[in-house]
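First chain written, first letter: the chains are A, B, C and D, and each begins at residue 1.
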C-alpha cells in the first residue's frame, strides 16, 4: 500500500462500448493480485492545482497485467482519456481473493455490473486449465464481450436471472464469485444466494463469494465508511474485502 | 515552534505544527503510516469513539456531489474500552500527541468516559463532539460532565448551531473550540433513488466556516483558542483560517483524495519547508511524488508539447 | 394547475408553476425576455429593493470557487419609489404575478414601504429579506411592521439563522417561508489577495438547505407553505425540494450559467413537457438550443465518433 | 442579445503562448462590433449533464471576424480545447466602443492584461489607414505579439510605465483605450490617467476610455454585480460598457 504515480501508456478501443488503458505503474504494484484494486485520481503536473470534481478517487480493478509494470484497465469508451495522462494511485487496495487449490470449474456472475472486477483472474486460471463460466445477468446482459478470451464460456441469463443448464452450471462449480448491482450490492447478493441455494442445499465455506465495488473514501481502513457486518463481526471492504463469503456476510 | 492550541492553565496542550487531521480522517493512527509522515503534523486526532460500541449506518454511505461528496458512516466503533486496549501502544510510540475524539452522547456517559480517559497516559487531550440536535442546555450538561477530565478539553461544535453554542461552550470550560464539524445535508442517493442524509465535504464548505471563524474570534474570550476545520484543500486554505483568527487547523476529506496534501500543509505551516526553489530537495516540496517520479521518467518534455 | 404558495386566508397567492426566480436573479423583469419565456414560471421575484437608494459594494464582487462562486453586490438599487415608477408598467404587462423583494432594514422603514406597496396593483405579493445579523427580536419587529401590508407576505430567512427564526416568523404572520437566502462566506480574493465576504452559490449549497427544508417542514405549522431555494441546477434538484416538503422552489445562480435551465425547470414542474421522445417538438425539450441548432448542423454523427 | 450555440471550427497555435480558435457562430453574432464580447460556456451534447467547474460563463472578446459566421478568439496555448467542442454563447454583450469619425492616430494601452480585448478593431482601422500604437505595460510587456499585423506600432513600456517618445505618442493620439490590471482595473486606470494628465492638461470628452473586463455573472443587466459609479450615475459594465470615459468614471 503506497501512493505512487502512473501514466496512461496506451489506449485501445476493444469494442463499441469499451476501451482498455495500459497503465505504466510503479514497481510496488507489480505483484497485484485478483481482487485487489487501485484508487485512482487524474492529476496535472502541479499536484496542488487540482480539479475537485470528481472529488473521491475512483476504484479501478485491473483486468490484465502485461509487462512487469503495465496494468490494463477497462473503461467505458465514452470516458475521455489521453495517452500521457498522469495518475496518482493508492494501492494495492484490498486482499487477494482466495481461490481453491484444486479448482477445476469456476463460475463468475456479474449482476447489473460490468464484469471487469472478475477479469484479472482469467489468464492465470486459463493457464491452469480451469474451465471458466461467466454469467451476465440483468443489465450486465448488454455487456459486449467480444474481446474476452474464447476459452471462456459466456452465458447471458434470461429476464428472471435463470439460464439454460443453470442446474448443471451450479452443480459443477467448485467456486462462485458474484458482482452485484451498484448501490444495491447486498440485495443483489441475497437474490443470487437464494438462486444458488435453491439448486444446492449445502454451501460449504469459501464456496460462494460476493465482491463489493463500493466507492472507498480512504481505501486503507481509516474512515470506516466501507464497513460490512459479517457473522465474524465488522469487516472493511478496503482491507478485508472486496470478496466476502456470502454465507457469512449479513445481507439484510 | 510550540503553539498552545488550548487555553493556558492547569492543563494545556502545545503542538509543534498547527495542522491536525480531523477526527474520522486517519483512523486511530495505524493506517496512514506508509502514506504520510505523521511527525510533520501537530497531533493525531482519533476517529470518533463512544462509550459503548456503535454499529455502522445502514443504507448509502458515500454519495458523490459536484466538487464534493456526502458521507454517512454512523460513526461505527468498538467502544471506548476496546479502542483504548487496542491502540494505546500505537499511541505511546507516536512522536506527536494524541487527542481522542469522544462523541458527546449524555452527561452520565461523559463522566464515565472521562474517568477512564484520565487513566490513559498516551492520550494527551480529548476532543468532544456535540450532536447537531443538541440544545444549548444539553450541550452545557455534556461539557460540564466532560470538564471532570484532568486533561485539556477541546469542543468541536456543529455547523448550524455554532454561533449559538460557542460562547456558552467557552464559558462552560472548553479549553478550545473547533469550528466546525462538517455540515449535515440531504441528497438524493442516485443508486437507491431515495433522499438520504449525512455530512457534506468539499471546497465550497470552507467559505462558510471561514466566515464563522472570523466572526466568532471577535465574540469569544481571547484566551480560548479557535481551531478551524472545513474544506481545507491547500496550504493557502489553511493559512486563510490562521489569518481569520484560528490558532491551528484540522484537515479532513482532502486527505483521502490527496494523502500527501495533509503532510504538505503540515510542512508548510510547521515551517518545515525551507525553500521552494526549483531543483531543491525533491522530497521536501513534492512529497506527494513518493518513489515513482513518473514525471521525470516519461513526461513529454515541455518543448515537445509546445511545438504541437 | 393552481398552487397556493402562501397561507390560505384573506391574502393568498396562487401560481401556475411552482418555479420562481430567486430575488436578484432576473432583475426587474425586463432583462431576460429574449433568453427565456417568463410565462413558463410561476411568478417574477424582483431584485432586492430598499426604501432609500443603496450604492453598489466596493471591492471584489465576484470570486470564482470550485463548482461555485462568491458574490457581493451590496444590493445596489435606486430605492422603492424610483423602482416602482420605472417598472410598474413592465410588471402590469407580464402574464405572471410579480413579487417585490423588499430588504428588511427596520420596522419604521417597513411601515413606510408597505404603505407605498399597497398602492401598486402590479405587485401581487412582497418577499421580505432579513439580514444575517438580525436577532429574533429584530426580525419579529420587522415582520410585524411588514404585516401592515394588505398583500401576501413571504419571508426569506438567512441560512445560518433559519432554524431559530422559522417558527417565530411563522407565528408573527409570515404567509410563507423562503428557505433560505444564499449562505454568507469569506474567501480570499485572488486579485487583491484580501479576505472578502459575500454570498456563496453553487450545487454544494443544496444538500444543506434541502435538509433544513425537510426538518423545518416538520416543525412549522402546516398551513405556512415553505418555498425551497438554494443550489437548484436541474429539474431533479427542484423535485427534491418538493419531495422534502416545499410547495415551490426558487432558482438562483444556475440561471446565469444556463438561462434556459430556469425555463426548463419551470416547464418540467409546471407540467409543460408533454413528451420526452426523440424527435418530439425540439423547442419543447431542448429549449436551450435557441435558434442555432449547431448540434444538428455540424456535429460529427454518433457512428463516426464510435468508429474512431 | 441571445443564447445560441457555436462550435470550435479550427484551432491554430499563433505563437509560444497563444492559440486562436475559430468559432462557427450563429448569425445573430455576425454584426458584433469592437468592444462587444461573448459569454461562453463549454457544453456537452446533453445540456443538463453539466460540469459546474468553472461555474460562471467566461468573457471572450473576439479578436477578428473571418467569414460572416466565423469569429476568432485568442486563448492561452495551455488551455485545452478540441475542434468540434460545442459552446453555449450569450451575446453580444455590451455596447460597441465609440470611435471618433475623423480618427487618425489611436493609442491602445494594455496594463498587466492581454491586449486581446483591443484587437477586434485593428483590421477595420488599418483598412481606414488609421495609425495604431499598442503600448504593453507591466506584466503585459511579456505578451508575445509576433502574430499581430505589422502595420501596428508596438511599444513595450519600461518598468515605471513610461516609454521613449511617450510625450509624442500621447500628444499625437486622437483617442486612447486602456485595459487595466485584472481585479484592480480602477486603480490601474487611475495610474494611466495620471500619466496621461501629466502630459496633456486638457482631456476632452470621449478621448480616453478604460475598458473593463470583469467577470460578469449575468451579462445582461439583471444581477447588478458589474455596476460602476460615474459622474452620470451608476452604469453597468455589461450593458453600458465595457468602455467608460475615464474622465467621468469614479476611480476611487
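Definition applied: contacts are C-beta pairs under 8 Å (C-beta built on N, C-alpha and C of every residue); 3 or more make two chains touch, one makes a residue touch a chain.
This one's a predicted model, so the numbers in the text were calculated from it and none came from an experiment.
Where touching is counted per the definition, the chains common to chain A and chain C are B, D.
The most distant chain from chain B, with centres taken as the mean of CA atoms, is D.
In this assembly, the C-alpha centroid of chain C lies 33 Å from the C-alpha centroid of chain D. If each chain is reduced to the centroid of its CA atoms, chain B and chain C end up 35 Å from each other. Averaging C-alpha coordinates per chain places the centre of chain B 46 Å away from that of chain D. Rounded to a whole number, the gap between the C-alpha centres of chain A and chain D is 53 angstrom.
Multi-chain contact residues of chain A (touching two or more other chains): 51-53. For chain C, residues that reach two or more other chains under the stated contact definition are 65-68, 202-203. If you sketch which chains touch which, every chain touches every other chain without exception. Taken in their complex, chain B has these residues touching chain C: 65-68, 70, 160-161, 163-164, 183-188, 195, 197, 200, 202-208, 210-212, 214, 236, 240, 243-244. Of all the residues in chain B, the ones that touch chain A in their complex are 24-27, 31-32, 34-35, 47, 55-56, 60-62, 64-69, 71, 73, 76-77, 189-192, 201-203, 233-235, 253, 255-261, 264, 286, 288-295, 298-300. Across the complex, chain B is touched by residues 1-7, 24, 26, 28, 41, 45, 47-48, 50, 52-57, 84, 86, 88, 90, 182-184, 214-229, 234 of chain A. Chain A makes touch with chain D in their complex at residues 51-53.
For chain C in complex with chain A, the residues that touch the partner chain are 66-67, 306, 308.
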